[in-house]
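Note that the chains are named A, B, C and D in the order they appear, and that numbering of residues resets to 1 at the start of each chain.
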Amino acid sequence: MQQTFRLVIDCPDQVGLVAAVSQFLAQHNATIVEANHHTDQQTGRFFMRHEIRADSLPLSLEAFRGEFEPIADRYQMNWRLTDSHQKQKVALLASKESHCLNDLLHRWHTGELHCDIVCIIANHPHLQQFADWHDIPYHWVDFDALGKAQAFSDIEHLLDFYQVNLTVLARFMQILPDNLCQRLAGKAINIHHSFLPSFAGARPYQQAYERGVKLIGATCHYVTPDLDEGPIIEQEVMRISHSDTAEDMVRKGKNCEKQALANGIRYHLEERVIIHQNKTVVFA
Amino acid sequence: MQQTFRLVIDCPDQVGLVAAVSQFLAQHNATIVEANHHTDQQTGRFFMRHEIRADSLPLSLEAFRGEFEPIADRYQMNWRLTDSHQKQKVALLASKESHCLNDLLHRWHTGELHCDIVCIIANHPHLQQFADWHDIPYHWVDFDALGKAQAFSDIEHLLDFYQVNLTVLARFMQILPDNLCQRLAGKAINIHHSFLPSFAGARPYQQAYERGVKLIGATCHYVTPDLDEGPIIEQEVMRISHSDTAEDMVRKGKNCEKQALANGIRYHLEERVIIHQNKTVVFA
Amino acid sequence: MQQTFRLVIDCPDQVGLVAAVSQFLAQHNATIVEANHHTDQQTGRFFMRHEIRADSLPLSLEAFRGEFEPIADRYQMNWRLTDSHQKQKVALLASKESHCLNDLLHRWHTGELHCDIVCIIANHPHLQQFADWHDIPYHWVDFDALGKAQAFSDIEHLLDFYQVNLTVLARFMQILPDNLCQRLAGKAINIHHSFLPSFAGARPYQQAYERGVKLIGATCHYVTPDLDEGPIIEQEVMRISHSDTAEDMVRKGKNCEKQALANGIRYHLEERVIIHQNKTVVFA
Amino acid sequence: MQQTFRLVIDCPDQVGLVAAVSQFLAQHNATIVEANHHTDQQTGRFFMRHEIRADSLPLSLEAFRGEFEPIADRYQMNWRLTDSHQKQKVALLASKESHCLNDLLHRWHTGELHCDIVCIIANHPHLQQFADWHDIPYHWVDFDALGKAQAFSDIEHLLDFYQVNLTVLARFMQILPDNLCQRLAGKAINIHHSFLPSFAGARPYQQAYERGVKLIGATCHYVTPDLDEGPIIEQEVMRISHSDTAEDMVRKGKNCEKQALANGIRYHLEERVIIHQNKTVVFA
């Protein structure tokens, strides 16, 4: 896989901004693989992502950062520059349901998800075998025995220990405490099994069944202290009918969940997502 | 268009039910064009629709009804038998937005919607020309001048005058009073411009924009006194992105609205919908 | 899982047919979980599937068959009666690509695909670990060493040995010889990575890339001697754009392949598919 | 509607290219509403579209062109600069089917399609009333009376007379002669009622019915001398089942046709499409 640097910027929209950045890139002879821009006309905020061939640059990542800083300062940029070869460390949090876990592990195993899955943490022992097969440490955090507070404290220590960059709630059925949500802001992704904002909270398929909707879905979003209210990265839906029971919806919806979650994670890992207020810009 | 009779039944599920109905149909030599069954396992309710070639029957519609009645009674059926050649009388209620109105009129004009559109009623004069072009009476009910109570009373008289069977709210932006909703129960269809239950109420595209969803939609449902809470007949969704403004969503969403509404009406006119509690069985 | 019998019928459409079948079922007090009918108006062929609660019947499967035979004969039915608890024996044929294999194995592992996966046969050794993890025999048939004729003869012997009912080509990249196709008629399912009939044959994503289509897809179909021409069971599509390379299409298309194949197999296993000429009736 | 200039470029990919263009725009204080880039990695071709607020520029369109020319020459650009307020002149070619015509006329009438529809040309008199209602000249070119060669010569004269910029074949069922295709290269858009390359040529829904596909679709593409082989702009698909007759497909498919055609035309009118070899880049 070709090594690239990703330069991701958001800042107040200003004349000369793109010229300054592209001038900088041209001076260093950068070959641009992909470039995306967006201006939010309502808030006047500008968003930009460049993916640059690393071998086209005479600069290291560090040197690039140093030279780019004055431009970033001049335009009051939030920005990041990352190296596609420096894999993010990802922790998967799960419960008993294996479909998202298995799907993510397979995509990771085959190289589609470019990251290091450093551990699986679960509140049940059931999915140990998935971890074993892939030679990934599995940590069963026994919520019943430990109590919620201690259990989450243990999880936090595990995230520290593994120096986790991204925490994925792959149908982890526990609600993260506020302080952990805040700490992981922008670095924790959840899959909710409904097309939010419909059917937030518990048992969304049952809610969907009772309301008699003709479409079900899944929503991949960043975790925030407000349950199921965080910035949405990706959504999938699927047609159903009166002949589908709540159980059929559970089965069918899994396809939506897997795909929305996998796409959301990939976008995040490839630095395609910028959070702005409670929404996302996704350069998919 | 081939003349058919539609026999639509719902009743408690019982052994022998289908046998009794199909025995009856076979005795009269009925050629069945389409047959659909559904059992709601949770409530034990059974639903069935038959579409029968009229020319295969030695019976008139009335005679059929008379002979079928004992079976219907025995199995405690809600049932209806309708003739595809007896067109329903439909009133379209509109406001200023023409996209649903134009779409429905064209589908009706070309024979896709098999009904009589007997009048267009609107709370603004703007869409008169659409009515004129199709030679349909247009009634402007001036809510500002008349006040809400009188305006709806006028509308009710119009529905009486035209002996309307189905009232379609084709982006009619007024909320029907409870008594009218009750009177039109199961006979009034609305299009709401969101994938309900998300974004009920006013300005759903603006709500969608602010929530940052990645899909927008439209919902065709029966009108009930609880706003946007009636039984859903059909829903459509469409993918959007961060680059879509609320105005873009309005434009794109119209495609969903037109299609969900047109399908919902067609299902209703073809007797494909059975309302059960707050949900629908749709033999699409 | 509730035990059911599935009665699947196709025959010339005739008055009295449904009455006879439903009379028979009512006489034996059958509780019908699901019933589906279809009449092909063009060919005058009738199709019917009943799913019946086994515990509602006083008959064994064999006795049911015996008693039903006279009706079947009278109406010249092709028919089958199967027991949901008698699992079909399924062989998975694979090559090097693991996405369909892993997806099917997981759905089987979690009970979504109700069958016995009796063996995996592959023309490469790469996917052995997937078989091992699930404790399924893995047979590497070395096409290079054996030559095509011997290799397929070996495969045929394996299918015999395991008494396979359904052969699934889960991205098996070899073309089955005509005699094997004929022998497995209606009992071998393939996934082709395009929305057929577009891009039959080799490298469909490359073909799609070159043609510049805006949608890619996958097709699940029965294997016939005419390559990629067999009866279609299920298709999935996905939107792409000019920014997708052929490699992106390969990655994205896998989601379509997995879902179309899994659905197609489930429909087949649940006796929801009837082949008619070169098409399928699918009571999904 | 805000006045914008659209600068659309394609050229060999080179370092410094974006910098030169954005430098130029910044020097003239341009407020960029939307910017899109794409590099075709395989052919090394670069594509770019800028939408710029006209009132942010101190330059007229002509002056802008003059000043930009040296940059364009230096980088060997194909380029165009257009003014959103200068509406393109569009001719609609139709036959007897009105669904696409009516849909386009309504979108134009309500301002969604920003162009001048200068005439409707048809090989039948049936759709005259649609033209009359919108006060658009209607030209019935009688193919039977005139013969094909004369008829197309007449059409060509009409396109000249009205100084047509874009010719839309809105279910015009005649095949354009090669010389006319060549003359209108990149300026004539057709809607074909299948998801090409499947079912090119005549009666695509019948072909789809016979093949037993589970999805139908429509394709909006540029007209070229090779029938149904031109660069694809947009495609839509829709799920069908065994219960859909060829007539049902015709009815359902119209929704795909209308939407694909309307989107394709809007992309073209807003200068969002660049043709490259036999494919399109669409900055949707």
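Criterion: a contact is a pair of C-beta atoms (placed from the backbone, for glycine too) under 8 Å apart; a residue touches a chain by one contact, two chains touch by 3 or more.
According to UniProt, the chain labels map to these proteins: A, B, C, D = Formyltetrahydrofolate deformylase.
Computed from a predicted model, the values in this text were never measured in an experiment.
Using CA-based centroids throughout, the chain positioned farthest away from subunit D is C. Subunit A and subunit C, compared by their mean Cα positions, are separated by 35 Å. For the pair subunit C and subunit D, the distance between C-alpha centroids works out to 41 Å.
The set of subunit D residues that touch two or more partner chains comprises 34, 41, 243. In terms of inter-chain touching, the protein chains here all touch one another pairwise.
Of all residues in subunit C, those touching subunit D in their complex are 38, 40-42, 195-199, 211-215, 217, 231-235, 237, 241-243, 245, 278-282, 284.
Per the touch definition, subunit C reaches subunit A in the complex via residues 34, 98-99, 102-103, 106, 110, 112, 129, 133, 243, 251, 255, 259. Touching subunit C in their complex are the following residues of subunit B: 15-20, 22-23, 25-26, 29-37, 39, 41, 56, 239.
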